[in-house]
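Presented sequentially are two complexes of chain A, the first with chain B as partner and the second with chain C.
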Partner chain A sequence: MEVEARIDEQIIDLIASGVSGKFRKVKITRQTNLQKELGLDSIGMLALVFRFEELFGIDIEKQGIDINIAKLKTVEDLIHAGRDIVSRATGAESRDA
Partner chain B sequence: MMHSVDEDRDDSLRIIDCHCHIASEEHTPVSFIEASVTNMVAALSAQGLPAPGRKLTALFLSKMQDPLCDDLVEEMDESGISRSILLIPDFTYTLKDCRLTIEESFLRHREVMLRHPGKFEVFGGVDPRWGNDGIALFERSLAEFGFRGFKVYPPCGFSPSDPSLFPYYELCAQYCVPVLLHTGPTSPVLDFSVSRPFLIDEAARRFPTVNFILAHGAVSFVEECVMMCRFRPNVYLDISGYQATLGYAPSASAVRHIVSLGINHKVLFGTDFPVFRLQGDQKSFLEALTGEGGALSELSERERALVLHQNIERLLEATVSVTAR
Partner chain C sequence: MDLRKLTSRIGEQNRKKMVRTFEKGKLVTRGHDCVYNDVRAACARLESWGLRPGMLVGILAGNCYEWIVYDLALLEMQALSVAFTDDFAGMSSDQLIDRYSLSLLLVPVSEKERKNARQSEAVAFLDGENSSINAIPREQPQKDWEFETTGMVFSSGSSGRLKGLRLWRQGIEASVDAFTKMADPRPDDCLLLFLPISNFQQRLMYYSALWYGVDLIVTDPSRLFRALKELQPTVLIAPPMLYEAFETRFYNLPAWKRWMARVIGRSALALPQKSLSKKIARSVFRDAHEALGGRMRFMVTGMAPTKRATLELFRMMQLPLFETYGITEFGGIALNVPGASKIGSVGRLLPGVRVEFAEDGEIIAMREHRIASTYFECAEGEVEQTFLSRDRLATGDVGRLDDEGYLYLTGRKKEMIITAGGAKIHPEIPESAIDACSDVARSVVFAEPDAPLLAAVVLPRNPDDESARARIREFVDKLSEQKPAMAFGRVIFSDQAFSRENGFLRPNLKLDRRRIAEHFLSGSGNGSKSLARSS
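On to the complex of A and B.
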């Protein structure tokens, strides 16, 4: 549980770092809409994915994980997807070890 | 008594997407996508992010795996879009890595149309440099395949008023079908210099019975598009591509602006699926327009109906009556 909470926090920080302009004033909660309330467009979403890979040291493509970016609408969606990717990546690592 | 989905739906809520494409590399060459991705690489690299073009292309291509439009139909159902128009831009003359010939591309679109009855109309496009074969194929598409319009893609290297297109426009007049032409910038592998809306003026004047739709009119060369719509009776615009503006204006202010100018009898709803699939789905894009505070929320029901379905229905109805004869 503690690990998950840390991942959640890191993902929220990641989202906050990718928000610019007037959207920086928006208080980010789990229900916050990524496009409507934070102004994240295609480039913004891609930047989030690449920052996520950098932060957690995961190459999503190499892991063969399929993420449906279009379905990530809220902060909560992103947290769930992030947790899933981290757990699948660490699972794959321990299998490979 | 059976009713179609269209008949059952409240008229003010009926939605027709006049600008879609099949999400498949079969119809969009990889060179087109790779060049488009270079702009994304530039934007991401500037933020210090390692964003190799190969990886971005792979991500984009992962959203281009719907050759039969089953996913698109699902998204249409989820978002309340009852019908979509599939457009076939002909890249086959200019870009040599196209997987299919233009004729094969037409046939695939016909298969999709037949696979999902009532869901799709198709506007076929042919590069005018294919000569008489191209004209024959286009006429076949109208007479045999049941296609309902002509798609013109000037950035492939010709003006939309180039005389080589006139035989096509004559066919459009004969079959009473509209022409939809791309305007504004596109993949950097193509020529932007022939993408200005004013370039349609000569054709629109010469063919007054043909209706011309300026694609992406709420995004690129907006003032020119609005002028053309206001002063040329046979010129319309579609708002597809408005999703590109949602990053800085989530309530689609580009669309809000267009629909405040008194030309709503000329404005058509469109999404340009699958171009923005890395940003969201059809439902979320529609919500930006029709949801609370959305760009169309302040319109009267009558005006909203014009934009969401009645204008394009009017342009398509002419075809039906001609075919019926």
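On to the complex of A and C.
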């Protein structure tokens, strides 16, 4: 649980660092809509995913994980996807070891 | 350049010139000799399927190496490509073949269900095994001995709907030559493309790279940031929103860090020793330099207006970002380049391009050959309004030239929304979609300032009915989900009708969009109420 909470916090920090202009005033909750309320466009989402990969040292495509950015609507969606990716990548690593 | 000789030219290129693509998560590097062999093999395959010069071949696929190979093979065979964008994904293979008189339709093997068609023998895989493929023999209305028309593309043009453009070989060649001459490629250059290559500007760029011997990286958007960092391109063409993502990162730094970076960055710019100045900038703005691979020497942006603050930040970071201007119908018009650039302008005219200004300030672009010879599937009168004569094209943009020959864009002749992503939408399209809601009396749509969204000002039929407002918001949310290009953020409700008396209609009773935007989007609108989102 503690690990998951830390991942959630890191993802929320990542999101906050990609929010521009007037959207910075928006309080980020799990229900916050990434595009409508935080102004994250398609490039912003790609940048976010790439920074996520860097932060956790995961190459999503190499792991064979299919992530559909268009389906990530809210902060909650992103947190779930992030947790899933990290746990699958960790699982793959322990299998490889 | 001569598109008819592009394949032979690739064959003559130095083997060290590379094309890099990502395939199944892995980077694949091919020399130009390998590309040449693959194009020849594709030509042989197409020929064995019965394809002949002048026949039309549709390509419906995301960015991949085979897209490029077959595009080059069609040029070599003097057959015509029809590049379908994602907008056509909903059409069946038979619908595409019939509507565009295709002899073949090329699709990725990941879409194998497209073979379940009445004309399945005319559907071939770009990247998979094919058997029993037969091109549909179609008589061409007239022989094109000089291969003047190379194919068809689709563009979201001034009508806001997709329209077709017939491509003119000599215009493509003139545009590629002019842009490349001004960009002045170096032997160690490497160009990265990530936008869909069904978008013709991207193909122009790879024609240039392949003809002039520049390394090329083609990826899909999902690999963009990894490709930038790991493959270290030197030339990048991207919409403003990419560069704005860097600006956002900078502005989200703690205030003291931002202040320090600005002070040091500006001081470095003023230093006479350029190498020292650059070294300092690379150190202070290390994250941005590294994210772009560290070798970037020429980044180009256009497609939508770029914020001055973004351009100034990149100048301070000593990351070479330049604005350009062109339109698909015409090709490149102007470009800022190192040593000849002004922030706020779109640069000097490309070689061979001239402009004049109509009475209303509209830019009329002139060149001996333009990229598109004409439109098809367009609104009535659009051909005549745009293609004024063989060498003159009405751009729809209003602008001016300064004394030093720099071109400035000052507005659009037509009321067009250009989103942060570069999509052009005529406001009447989303407005008629919203007006279809039975609770809506009238809507006016704008681009949300500094955001990739649309904003709608809506006059409900019954302004006092709160439940109607919720229904309208729900209706607009559904529109956003169905059509991502029409993603709405704010819906602002007006309780006053648009009239001449309140200044929202002009004397000719047309909407005064600027006035409405000033009143409602600034948040000062009296009698208006904004809902950030439903639920």
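Of note:
Just so it is clear, the second predicted complex is superposed on the first by the 97 of 97 C-alpha atoms of A that agree within 3 Å, B and C clash if a C-alpha of one lies under 4 Å from a C-alpha of the other, contacts with A are read in each partner's own complex, and residues count from 1 in each chain.
Simple rule for what comes next: a contact is a pair of C-beta atoms (placed from the backbone, for glycine too) under 8 Å apart; a residue touches a chain by one contact, two chains touch by 3 or more.
Note that the structure is a prediction, hence the values are computed from the model and not measured.
Aligning the two structures on chain A places chain B and chain C in clashing positions. Of the two partner chains, chain C is the only one that A:S17 touches; chain B does not reach it. The partner of chain A that touches more of its residues, comparing chain B with chain C, is C. In the superposition on chain A, contact is made by A:S42 with both chain B and chain C.
Look at A:E2: by the touch rule set out above, it reaches neither chain B nor chain C. By the touch criterion stated above, A:D66 is placed in contact with chain B alone, chain C being left untouched. The superposed model puts chain B in the path of chain C at one of 91-99, 343-351 or 361-369, which is 91-99. The intersection of chain A residues touching chain B with those touching chain C, taken from the two complexes, comprises 21, 35-37, 39, 41-44, 46-47, 49-50, 61, 69-70. By the touch rule above, chain B contacts chain A in their complex via residues 40, 43-44, 47, 49-51, 55-56, 58-59, 62-63, 243-244, 246-248, 250-251, 276-281, 284, 287-288. By the touch criterion stated above, chain C contacts chain A in their complex at residues 22, 25-26, 221-226, 239, 241-242, 244-245, 247-249, 251-252, 420-421, 450-453, 480, 484, 487-489, 532-533, 535. Interface residues of chain A, counted against chain B in their complex, comprise 21, 35-37, 39-47, 49-51, 54, 61, 66, 69-71, 73. Within the complex formed with chain C, the residues of chain A that make contact are 16-24, 31, 33, 35-37, 39, 41-44, 46-47, 49-50, 53, 59, 61-62, 64, 69-70.
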